[in-house]
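In this document, chain identifiers A, B and C correspond to the written order of the chains, with residue numbering beginning at 1 in each.
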Amino acid sequence: MTFALILEQLFNGFQTGVTLFLIAAGLTLVLGIMDFVNLAHGSQVMIGAYAATVLTALTGNFYLGVLLAIPVTFLFGIVLELVIIRHLYRRDHMEQVLATFGLILFFNEAVRIGFGPGALFFNLPQSLSGFVQVMPDMPYPAFRFSVIWVGLACAILIGLFVARTRIGAMVRAGASNPEMTAALGINIRLLFRLIFAAGATFAGLAGMMLGPLTAVEPGMGEGLLILSLVVIIIGGIGSVRGAFIAAVIVGIVDTMGRVLLPVILRSFMDQAAADGAGPALASMAVYILMAVVLVFRPTGLFPPRG
Amino acid sequence: MQQIKGWFTAAPLLWLIVLLFALFPIYTTLADLPFWNDVAMRIMLLGMAAMGLNLVLGYGGMVSFGHAAFIGIGAYVTGIANFYGLDNGWIQIALALGICAVTGMIIGFLSLRTSGIYFIMITLAFAQMLYFFFVSLEQFGGDDGMVMNRSDFVFIDLWAPLSLYYMIVAALALTALLLCVLVHSRFGVTLRALKSNQSRVEAMGLNALRFRITAYMISAMICGLAGALFANWQEYVSPDIMHWTRSGELMIVIVLGGLATLAGPLLGAVVFFLLEEFLPEILAHILPAYAENWLLVFGLFLIAVVMFGRGGLIGVSQKLRARFGKGAG
Amino acid sequence: MGKPVLEIGGLHKSFGALRATRDVNLAVKEGEIHALIGPNGAGKTTLIAQIYGNLKPDAGQILLQGVDITAKSVEERVHLGMGRSFQISNVLMDFTVLENAIIAEQARQQAAFRFWKPAFQDSALIRGAGQILARVGLQDRQDRLVSDLAHGERRLLELALALAADPVVVLLDEPMAGAGPEETQNMTQIIKQLKGQTSILLIEHDMDAVFQLADRLTVLVEGTTIANGTPAEISANEAVREAYLGSES
């Protein structure tokens, strides 16, 4: 366990964290403002990844592909909200869970029909395939490094937007008191649609950044969805700031856990058992963290009404 | 006597389905379709677990997204006991029920301090913890699970044809009876009242937590029993049983049949299985290229059920009867 | 009318800079109807929440029949004899009127945690439930689903449930809320009949009803009690006229 290795894993954890934040931001606003549980948010990640892969292949240029995929993902979010989501705002959470669960099934199969069940490979351009010297003697994959920057930039963008603009004020009002916001005469339906689509777009962006790192395949968003739900619960529903802090914590705990736990376990277990148990116990860690937070802070760390 | 009869007449559809399951092997034996006995057993076990969840979900109003964990505990207690040579089925079931009761009490106690979406999430979290815990147990197969022999139930030989089948029928009937009794009892009525208006019930001096944790424990035990029997049927246990999508499946089954009805969960389980079996077949006939993608249709169906089918099959049929019954009469 | 059954002394509650309850003193004597009045925003809701047990006061004391209940939970207070009706009817909509009463009756008997006999066919409960409904005249509507009841009938059921456990003191939170003139008259008569059976802390805006019913009043303005006494005394009180009755009449 060298220092460089730990530092590298910290960077990875941070990178996972900002990616989680991109997914969690939309989720927390939609749940906080529209009181809508969207399990299909993970499908948004998948749609973004597929859109970028296809457009990159079509244009032959990674940057162009991603740039074009963003409005496509946004449009997809608008359409989804119009056709299905907005009819479910007044339903109870369980019904929303079931309906969006149905959407997951639908989207996964649709993608399977369109692109086959296997993984697509999303190749990186030369400019992003190399390494960056983040510190002397510490090369770090350039793409992951850029993911961190993109994620941070988005976090700052969203944070400033919510805190400084008029629409942002409406969003904040909506997060802490949806009824009052509607009573103030603000076009609630349009606001909801835009919030939903914006959240979907950031999730799609996360998918575009994950694609090259993992694989672009049906169901790629599910694991992240559950993790994002954990993030927004820890952070406090409706709080963008909470989502960011919680996402970074979860990203680091998860990554470091996966790396450190097998090492710790090896000291009193044989290697095979430790390597098998390690990742599983690391996965537990995040849920234990959430349960502990809920026991002491039943509404998360930074609830907006708080 | 009147009272006992009342439990059966309160849910005629439920007992009809149980009876049909009891008589089903006559058909499969005559038609020489033993495979369908296995399908029936799986439906019964799914229905049983769904009935357990319905107690807290439908009647108690607690949206627990983690009940598959209890099915998993029941299965693993059976599998692990067998692994260590403790293969007396009765003791295993007693153990499974006991462990589920305690786990249910702990998880219930911790989770019921929250409500709404937080409750859904914390129950999911506990289920995920248990899922990953069992995945980490390398000596019991970890991710891949482990094979096991059927347990020894002393005077019942599980290898005899239809032994396990009727054991499951008996368990199903017991669960059905338990639900009928509970739902109408003072306890059940109070639980339902809590769902309807917690403030009012508390203003009567009743402790909401006491009733809810008890319901949670009972439902956990029912799921545990289903899990133990499932492990015996499958002769294999793996963490897949307790994946969060299984909890989702239980909810789908309940909502499909009819939330907060006695027959709903079992009816829903039947329909769910029929869909799983026949949707691919139907698709194979009309759009052969897409037969494998039947989940697409199922996903749409689920959305439609949520959006247009309030009350599930039972609810919808009641509404139709009310509308057309009045017209005809 | 004799000893106080409910005594509130020196109650304080602040939310940050907002002092919602300031040195509130109030006593409900045995068998009386004691009205709590005050303009909107006076802090009645916060005060009721503290009396009932949903909110912990920052300072002060609440005594129920001499027992200090300031730190006790809602459940404990109900067991010690406190009852409550809610401003917005908290009746059980999915059940019939009789079923509502049965649920209240089994709670009254402290025998709700039972698993065997069906509750709604239990003769031991039905009798008591009938009496609960008779108190407010709802026994003829017992088989109606509460969701089918008129607003006024729901308020009556709300009252019946509040009285079900024979409380020593009952908090009636705006029982006339949303009721028409006929329903208000009916409710007033029923509450009048309760005098002597239980002690009542009545929170109400309808001044006609208040002056018909109350033996004594306490006036709450901006979180503090500015006056208490008989209806005659209160009507004559200058400070009260200015703060409240003046703007009302």
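The rule we apply is simple: contacts are C-beta pairs under 8 Å (C-beta built on N, C-alpha and C of every residue); 3 or more make two chains touch, one makes a residue touch a chain.
Remember, it's a predicted structure, so these values are computed and weren't measured experimentally.
Q: Which chains make contact with subunit A and with subunit C at once?
A: Chains in contact with subunit A as well as subunit C: B.
Q: Pick the pair with more C-beta contacts: A-B or B-C?
A: By number of C-beta pairs in contact, A-B is the larger.
Q: Using C-alpha centroids, which chain lies at the maximum separation from subunit A?
A: Most distant chain from subunit A: C.
Q: Centroid from C-alpha atoms only, then distance subunit A to subunit C, rounded to Å. What do you get?
A: Distance between chain centres, rounded to whole Å: 50 Å.
Q: Using mean C-alpha positions as chain centres, tell me how far subunit A is from subunit B in Å, no decimals.
A: Their C-alpha centroids are separated by 32 Å.
Q: Could you work out how far the Cα centre of subunit B sits from that of subunit C, in whole Å?
A: About 43 Å, centre to centre.
Q: Looking at the complex, which residues from subunit C come into contact with subunit B?
A: So the residues of subunit C in touch with subunit B come to 74-75, 78-79, 83-84, 86, 90-95, 99, 102-104, 106-108, 110-122, 161-162, 164-165.
Q: Quick one: which bits of subunit B touch subunit C in the complex? Just the residue numbers, please.
A: It comes out as residues 3, 6, 181-182, 184-190, 192-193, 196-197, 199-207, 210-211, 214.
Q: Which residues of subunit A touch subunit B once you look at their complex with the stated criterion?
A: Touch residues, subunit A against subunit B: 31, 37, 84, 87-88, 91, 93-95, 97-99, 101-110, 112-113, 226, 229-230, 233, 237, 272-273, 276-278, 280-281, 283-284, 287-288, 290-291, 294-295, 298-299.
Q: Going by the contact rule at the top, pick out the subunit B residues touching subunit A in the complex.
A: 57, 63, 65, 110, 113-114, 116-118, 120-122, 124-126, 128-129, 132-133, 135-139, 142, 244, 248, 251-252, 255, 290, 293, 295-296, 298-303, 305-307
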